[in-house]
Structures are given as C-alpha cells and as structure tokens.
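The letters A, B, C, D, E and F name the chains in turn, as written, and every chain counts its residues from 1.
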Amino acid sequence: MNKTSTACRIEVLVDLPLLRRIKEISTEVGNPGYTVLPTLEGAGHSGIWFDERVSGGAGSRVIFLTITSDEKADQFVTALEPLLESHGLIVTRSTVDVIRSERFQ
Amino acid sequence: MNKTSTACRIEVLVDLPLLRRIKEISTEVGNPGYTVLPTLEGAGHSGIWFDERVSGGAGSRVIFLTITSDEKADQFVTALEPLLESHGLIVTRSTVDVIRSERFQ
Amino acid sequence: MNKTSTACRIEVLVDLPLLRRIKEISTEVGNPGYTVLPTLEGAGHSGIWFDERVSGGAGSRVIFLTITSDEKADQFVTALEPLLESHGLIVTRSTVDVIRSERFQ
Amino acid sequence: METLLSPVILFFVLGFLAAFARSDLSIPEAISKGISLYLMAAIGLKGGILVAESGFSQGLVSAALAGILLSIIIPFMAFFVLKSFGRLDVTNAAAVAAHYGSVSVVTYVTGVEILTGNGLPPEGYMVAVLALMETPAIIVGLYLASSYSGKQQNSAVGSRGELLRETLLNGSVVLLTGSFIIGMIIGKDGFASIAPVFESAFRGILCLFLLDMGLIAARRLQQARSLTPRLVFLAILFPIINGFIGVLIGTLVGLDVGSTTALAILAASASYIAVPAAMRLALPKADSGLYLAMSLAITFPFNVLFGINIYTQLASWMIGT
Amino acid sequence: METLLSPVILFFVLGFLAAFARSDLSIPEAISKGISLYLMAAIGLKGGILVAESGFSQGLVSAALAGILLSIIIPFMAFFVLKSFGRLDVTNAAAVAAHYGSVSVVTYVTGVEILTGNGLPPEGYMVAVLALMETPAIIVGLYLASSYSGKQQNSAVGSRGELLRETLLNGSVVLLTGSFIIGMIIGKDGFASIAPVFESAFRGILCLFLLDMGLIAARRLQQARSLTPRLVFLAILFPIINGFIGVLIGTLVGLDVGSTTALAILAASASYIAVPAAMRLALPKADSGLYLAMSLAITFPFNVLFGINIYTQLASWMIGT
Amino acid sequence: METLLSPVILFFVLGFLAAFARSDLSIPEAISKGISLYLMAAIGLKGGILVAESGFSQGLVSAALAGILLSIIIPFMAFFVLKSFGRLDVTNAAAVAAHYGSVSVVTYVTGVEILTGNGLPPEGYMVAVLALMETPAIIVGLYLASSYSGKQQNSAVGSRGELLRETLLNGSVVLLTGSFIIGMIIGKDGFASIAPVFESAFRGILCLFLLDMGLIAARRLQQARSLTPRLVFLAILFPIINGFIGVLIGTLVGLDVGSTTALAILAASASYIAVPAAMRLALPKADSGLYLAMSLAITFPFNVLFGINIYTQLASWMIGT
C-alpha cells in the first residue's frame, strides 16, 4: 500500500488580476505545485461580487490551492503577508492525508 | 506575523434554484460572508446529474462555502435543518486555520 | 437537531479522460456518491497546464470529490493505487463532520 | 417524411445516436445556454414584428384564452392518469403533470420552422401565447400536490407568492416577452439591421442546439432509473392527446391551420426549463431524473420527430386547406 | 428619441428592467466575454479598413493628441471634485478618476452605430484614438494616489513598470490594436469574405451584449452600498462635462461632426475593463463596488440612453452641419 | 505571400504575438470548444454536400486507402527517428509518433480555405478521408509503445478494445462523420437555409478560432520545458517529409491538384484533439507538455504559415496545372 502521511492544504481566495503574483510567491518559497479553482460569486465586508467577466476579471476571484509541507506552508503564508492585508486575501489552512507525500515536499 | 486561529469551514452542496435561500439563511444568522463554487456533475441516491444548463439550472448544483466561527456555524446548520431533509442538501463541516480570524466572526 | 458524525472526505485530482474510470472504481467499492468540481489550471512536476479545451480535454483536470466512511475510503484508495502511480493522480483525504451521516455509508 | 430529412431534425438524430453510442461529444453548457437565450430572443422578436405588421387581432385574445385554458386543464388530467395508471405518488404525479401543462420553447421553434417550410406559418401572436402558457401549470401542479398530499410542501423555501413571482420572472419568460415587445416597437424596419443575426442565422443555430438536445435527451434516457414502461407509454400518449385537444380548441376558436397547429404543439409539448426549476424548489421530493426524462428524453423527441407532423395533418384535415 | 427605440437600446433597457425586477435572466460569463472580444475585433477591423481606404490623414495626429490630452486632464479634474464635493478619500478618488479618464469600448461602439445610422460616421482612425486613450488615465490615477496619500501603494505586487506593461498589454488593448492593424493590411477586399461575421452580424450581436450590460448595470446598482447621492450626481455630471470638453477640443482641432462626437463619447465614457483590473492590483484599498457602480451602472446607461445624443447635437451645432 | 496576408493567418499571428508578449488576452474555453465543434460540423456538411452533388467516385476509394496507409506508415517512421535522432524514450517516441500519424482538423480547414481561394478546391470526399485518418495512428502508437517497451502499458484503465471504442467515438470523429452524412442527405437544397451559419459565417469564425490557436500555441511553446532543439527540428521536418509523401501518394493514385494538396496537408498535420486525449489515458507516462508543444506550438504554425503553400506548389508542379 502507498505510504500515507500528512501534509498542509492551503487555499487562497484571490482576485484574478493578482493570481500571477501568488503563483510567483509560491514558486519563490520553493513550492511550485498548485491548482487553481474557479468561483462564481461571493460576499464579504466589501459587499457582494459576481463573476461577470465584462469588467476584465476585476470582479472575479479564483482559489489558489496548494498541498505542501508544514514548513513551506509557513514560509508561503509569511511571504503572502504584505498582500494579505492590502489585498484582502482569504487564506485557510488545514491538515490532510496524502498518498505519495514525497511529491509535496 | 499574522495571528492564526481556527475557524469552521462549512460547505453546502445545493441546487442552484435554492442558492438564494441559503444565502438568506446565512445572512440571517449574522454570517454574511460566503463564496460560491461551481460543480460539473455528480451522483447520489437520487441518481446521476450533470450540468446541462438547458433545463434552467434545475439540474445544476453549486457549493456554498463559508468560513465562520463555531457558534455561527451551529446556528447556520440549525437554521438549515428544515431544508436539509426536504431538499437533500449535503453539508460538511471541518476546522481550518485562518489568518486574521477577526474577519470570520 | 440532526445527528452529526464524522466521515472521510476524499479529493482526487484527475485528468478529464480518466474521470470515467475513477467513477467506475468508486462505484465498484460500493461508494456511488460523488461530485465533480472544475479546475482552471495548475502546475506540478510535469510542468504547467491550463484548460484550453481545444486539445479535447487532454490537458484538462477535474476534482472528483467523495464523502464516505473510513472503510470505504480505504477500499477506494487501495483500488486507485494502480492508477495513482501510472497516471499521477493527486489524492487527499481529510475528516469532516457531516449531518445525516447515514447517507455516506 | 421529408420533414425528417431536414437538417434540424437530422442534427437532433445525430446527437441522440452519438450519446447513445456513448461518444464523448458534448457542447459546453455556456454555449447551450447562450443558444437557448438566442432562440428565445429571436422567436420573441419575430412574433412581435409579425404582430406589429398585422396588428393585434381578435385571434390573439381567443388564442391566449385557449392557451391558458389548456395549460390549466392538461395538468389536472395528466395528474390523475399519472397517479392511477402511472402509479406515481402524489408529489411526483403533480410535478410531472405541471411539466405537461407548460410548454417547450424549442419544440415550438422547431414546429414553426417546419410549418413555415410547409407554407403554413402561424400568426406572430402565438409567441405571446407561448409566454402565457409557461407559468399557469406550475400553480396547478403545486395546488394538486398540496391538496392531495394534505400537507404544505414548500414552507422552508418561502411563501407561495414568492415562488410565483420567481416563476413569472423566470429568465425565459422575461426574455421571450421582452423580445416580443421589442419586436412590436421596432417593427420590420428596425429589424432589418439585426436580421442577419436573428433571422438568417436562425436555422443554422437551431441545428446546433438540436444536436445538443439530442445528446442531452439520450443521456437523460440512459440515466433514468425510475422510468417504468407505463411512464414511457404516458410520455408518448400525453403529447398525442394534448395535441389532439389543442387542434380541437384551436379549430373551435377559429384559428388558421398554422396557428392551430402551433397551439397543438404548445399543448403537446412539455416544459424543461421553467417548470423543473420551480419543482426543484417547491416539490423537492419529486424525482427530477424522472420528470426531466419524461419531458426531455421522450416527449421532446417524439414531438420533434413525429408529433409536429401529426398535429399539422390533423389541423389541415379539421380546418381543411 | 428615435435612437431610444433602436433595438440595441431597447435590449439594454430590457436587461436593466429584468435585473431590477430580480429576474434570474443571465447570460453565461463565457458568452459575455466572447461577445466582448468579438466586438473589439470587429470595431478594430472596421477602423483599420476605413484608414486603409482613406489613408492616414493629418486628422489622425490631431485626434490622437487630443485624445491623449483628454485622458490626462480628465482624471486630474475628476480627482479633485471627487475628493472635495464627492467626499471620497484619496485612494478612492484616484481610482474613480482613472476610470473617467479612460474609455468604454461598448459606449463607443454604440455611439458609432447611432452616428452611422444618422449619416455621421466618424473617421476610421478614431478606433486608434480609442486604443490610445485606454491607458494614460491609469498612470495619472496612480500618480494622484501616491502623491496625495504620501505613501507607496503597490510595493507588494511588483514595480510600477510591470503594472504599466500589464496595462498596455491588456487583452482589450491588444485585440483592438491588433485588429486595427489587420484591417489596414487586408483592406476592403480582404474583408469581404469575413464581413458576414464582422459586419452583417455586428448589430444583432451588439443587441445581445447590451442586454447583458443592462443586466449587469442594474445588478451593480442594486449592490452598490457605498454610492452616495453626491456620487450618483457626479457619475452623471462627469460625462456631460467631459463630453462637452470633448466636443470643444474636437472642434478646435478641426475634426468633422461624426469624429468630434466620437471624441466626445470617448471623453465622456468611463472604463470598466482595463482600469478596474489595474486598480484591483495597484489600489486594492479602493472600493471596487464603488467604481464599477459609478462607471457601469450610472455613467454607462446615461451615455447610452442620453449622452450620445447630447454630444451629437452639441457637435452638430458647434461645427454646424 | 499573399496567403500570409489573409485575415485568417493574420489573426493567428496576432494571437501568437499577443501571447508571446505575455498579454492576458484569452478566449473563454467554452467559446473555443464551441467554435471547434462548429468548424467540424461545417466542414463535415460541406464535404457531404459536395459528395451528394458529384456522387461517390473512384477517387474516394483511392484517397481513403491512401489516407489510411499514410496514417499507418507515418507513425512507424516518426517513431524510429524520434527514438534515435530525437533521443526520446520508447513511450514518448510512440506518443509523439501517434500525433503525427493522425490529423489536425483546423490545419485541414485552413488549407481548404486557402486552396479554395486559389481556385483549387479539393474534392468533398476528402472530409471523409480526414475522419478516417484520425484513429489508425493511435493504434499504431500503442502497438509501438508496447512492443518496444516490452510491457503492457494501460492495464489499469481498461482493455485496449475499450480504448479503441472510445477513440472511434471521440466527439470530433463522430461530429465530423455525422455532419458529412447529414450533408449527403440534405444536399445543396437542404443546405440553403442553414448556409448563412455554416457557409457565410465560416471564414469570420475561423479567424476568431485561429486567434485562439495563436494564443494557445505561443503559451504552449513558452511552457514547453522538455522541448530540445532536436525535437523542434523534427517538428518542422516531419510535416515537410510527410507532406511530400502525401503529395507523392496523392499523385500516384490520381487525385487532382486540390485533393492531392489536401492529402498532403492531412499527412503533414499532427493531431491535437483525439490523440492527446487517448495518450493521456493509454500512455500516461508520456509527457503531454511535449507532444502538445510539438504538435500545437510548432507543427501547426509551420503548416499554417508555410506548409500549406509548399504542398500546394509541390502538387501543382507534380501534377502540372
């Protein structure tokens, strides 16, 4: 049976125009693996938004998902900090079991 | 470093025509923040469905995702109960670490 | 109040052409319930991909999500093993609270 | 026969066969939805322009009343047949019945194409009748469900008034009615500059849509687990009977052959847009796989392949051209 | 008045009313985006072909300079009014100001349709002016934000140079400019074979797009919580003033009535594509609900329904035809 | 040269340059997929109608046999070159070889547009040859992979028979063949009413699709990490050689200049729809970034920009018009 071990799952809800930066930051801390998920709409302190695309993605958000080790997760979150406050990112972190954990170091 | 603390992550798989109600219920329990995610297809006790859109969203489902405090999560789930049974919602709940947790009270 | 209990949440990131096999495997181990989520793009050891659809889904990935019992989760993951290595699937597993857990046996 | 060899129908058959052979051919949902909106705008505009030309006639009032009447009586009749012969419980019988009382825009559109091809174009105001017939059956269905099951069904999702409002403001009803009014305002002259999109392109785009409908119908059929032979039988019987009643009433109120056939098509067709969405909300215990299979996977193909021709023949014979 | 009854405008009104009545009518985002790309390609091609025919004239240079000038002075003026009368903080005032300095492609397209309908087609090179006016206001907006707030705003997201590069290579700017150049290369002959798509279909597709714009504008309006009466007032005042300045400058540099009106429309319109995207990155503290509401939900409808006509009248009167 | 200045090619170049400059221009995937389905339906219909007019000729049989032969021998040749000169391992060599044995619909479509523009339209039945050539190379590729690597590759994902069935029922094959048959049934008369969509609009829509292909090709090229200079060289050499063989065989079996060139284009083009999907399933260890880069990002642009012209010249010279 495949070796199962735990890893850290991070989700960042991010404005589409900012996605490129998040990818760069993740890669810079040595964590090149990620998957981007679409979203449809949402609401928060700054009101309701919905993905209408005509306004060039300004109103669109996506989820940047990465599975990584605890250390790299810490580094990534630390590197994200300046953007966190300024751009209102939402970051959640949880522990998941992964198979073939060597892929997520 | 940003203060990390835990919050409750709730996912509700819901029929598109019912989404408006879920948002209302969430707002009513004082939890206005949410993000809606798309889905493509699925299967369960009531058979297979897939998102073909021509039948006006009747066959479409989305995921209503909200990060909130434990209390509000309880209230939300309690308020959802009448719909849970009648409309076959799927609700999962887990604990996640969040940064700037004051946003999710 | 509805009975809450824990279940196992499995996410499999899979190439679109392979999705049919994953569904079959899940059904074969007696776990017919699932939901499929879209993704937009990603990166990993094998480079960057993005969903452009013109290449017939060869470059597209989706997330197969299933909520199930621990036993069935084990069976499912075991049954997936041959594909895991050969097709580079990414499988994560976590514990979630579910309501009306009898649905996910 | 000739009708069966029109490109529109052939694309439907192609889609149906492809899905049956389990090909992975599929049309992106955004495209399906976009085309379906286009078809409604186009048919609304065309109806409005015809009415702008010929003026509202007495025929409109009779046709409208006839349409509303049909959309109320059909679900009643269907309900009892579904419950007894069809062996459905009250909720499912009511949900399915509502579908048959309402109408299918694409069946109508296909019918108009065929009728026009045969030199029997229906009056423009039939589009208004189409819009009027979308909603009443939903109310009848809910009434049936709650009176016969003895319990309030949809308390959790808001009042009945709210549901009614949502149904009346259903995107397809709004777009159809809105385009109809725009058509009446702009008339033939205003239409000229947009005709390349809404007129010349119509049939070609309809082909692509019917390809998709064929795919969806076949897939729904394959996945319909609760479809009994009795229900399949009813899904073919209903359009025939309802189409027949439609021809009768159309003849009685004095419509021409084309418009009578159009009324029959509306009566015979079953909704798969407004009604399913309303039923998911208001009668969530009803089996959506079932009503979509009956409406989309059996009645729709039946009407497109055979029904439209049958009603045309019947109307021609009754009214005598 | 007649203009208000053109199908393009009526579809906009239909969308607006439908969303206001809370109908669930909606156009899939992929379709909206696809149509918006189509419109840019079509308008770029048409402009290029016109220029290929008439050659670059002196008018182009004057119009280009006039356009760039406008897109620099407008945000300055708007900024101070927004800060004082509008009571916005520096960041929001700068972000909103940038939107008014830039341009809206669809307002321009609608204007050209109306002008052409009235026998006053603007010169082809106005499309190049449109492309030139998309970006400068962004730089002015960022300059205003950083000089008046006294802090570097966007350090976290990369240098200003990088932002500039991204804005200049914004999809809409690239597609517009690229199609313009293609139009110049292929000329009228090369265009013939693609004209059914890029010319005949243009108005009909524009109708569908404006239906969507109506839906989006009304929804944005309903959700705009930070929109004060003063800001609503400014979102109507700005286009009038800017349109007036546009007419003035267009007349001064010697453009014809159609092109002068086109310049006024560009001045009066507010961006909702390139600028919002840049602002989300560079001025994330600015309220996106606010600037999109002002630009999309008030100024855009105002221009489409009234502004275009006003500027046309003004230009005709000033230049005198 | 003139061909390079056709709008279709210019839009491809625009897309390529835009993506290279890292513009964020992009076409929604649903639209890409929708257009790609449209192109297949249109090309299928047109081929079918041509055959309906001229009848099946002996040419069809020869061309079909020639096509199938090509799609079997090309992957064999390509495999050994890729393994030796290209330095690929068995799996990757087999996967890439399968792509070159199969065909690219859009290359074919672009070729037909150019040929028709030059007064050399190929026979309608070449569409049937196109459909026939999609699949055999996949089987050859899998055969090569398993014979030379000595192990069963795809046991985990079902039998080879199942894979074959899936490939034969691949959406693009089904739509192409189905539309071809529909075209034969409806003939020129039945086509008239849908011609505005499937004929007049064809070139314009092709422009938009090639814009997208340009974007995708450039992005694939930028992200292709495993692309060595040797492989880039092969991705240009293969189409030249295969196109040359195509011209030779076409001439030998007696096709006219247009059809010979069409056969050469089919031989020279590399699949990026049916084959990649099959390879992801059956040869998952093969590097999808690599085969898509070779096929989409090098061979496709090469054929569109230069290859088609080269094969036309060659065929004209060999057959002598």
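Please note the rule applied: contacts are C-beta pairs under 8 Å (C-beta built on N, C-alpha and C of every residue); 3 or more make two chains touch, one makes a residue touch a chain.
Please read all numbers here as calculations on a predicted model, not as lab measurements.
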(request) Work out the mean Cα position per chain and let me know which chain is farthest from chain F. (result) B
(message) Among the chains here, which has the CA centroid at the largest distance from chain D's centroid?
(response) A
(message) How many angstrom lie between the centres of chain C and chain F, each centre taken as the mean Cα position?
(response) 33
(request) Please report how many Å separate the Cα centroid of chain A from that of chain C, as a whole number. (result) 19
(message) Rounded to a whole Å, what is the gap between the Cα centroids of chain C and chain D?
(response) 38
(message) Measuring centre to centre with CA averages, how many angstrom lie between chain D and chain F?
(response) 41
(message) Where in chain C do residues touch two or more of the other chains?
(response) 37-38, 53, 57, 94
(request) Return the residues of chain E touching two or more other chains; collapse runs of consecutive numbers into ranges. (result) 24, 28-31, 33, 170-171, 196, 201
(message) Which residues of chain C touch chain A once you look at their complex with the stated criterion?
(response) 13, 37-45, 61, 63, 77-78, 81, 84-85, 90-94
(message) Going by the contact rule set out above, which residues of chain B touch chain A in the complex?
(response) 1-2, 4, 7, 9, 23, 32-38, 62, 67, 94-100, 103
(message) Applying the document's contact rule, which stretches of chain E touch chain F when the two form their complex?
(response) 28-31, 33-34, 37-38, 41, 45, 166, 169-171, 174-175, 178-179, 182, 185-186, 190-191, 193-198, 201
(message) Which residues of chain B touch chain D once you look at their complex with the stated criterion?
(response) 15, 17-18, 21, 46-59, 82-83, 86-88
(message) Could you list, by residue number, the parts of chain E that touch chain D in their complex?
(response) 5-7, 10-11, 14, 17-18, 21-31, 196, 200-201, 203-205, 207-208, 211
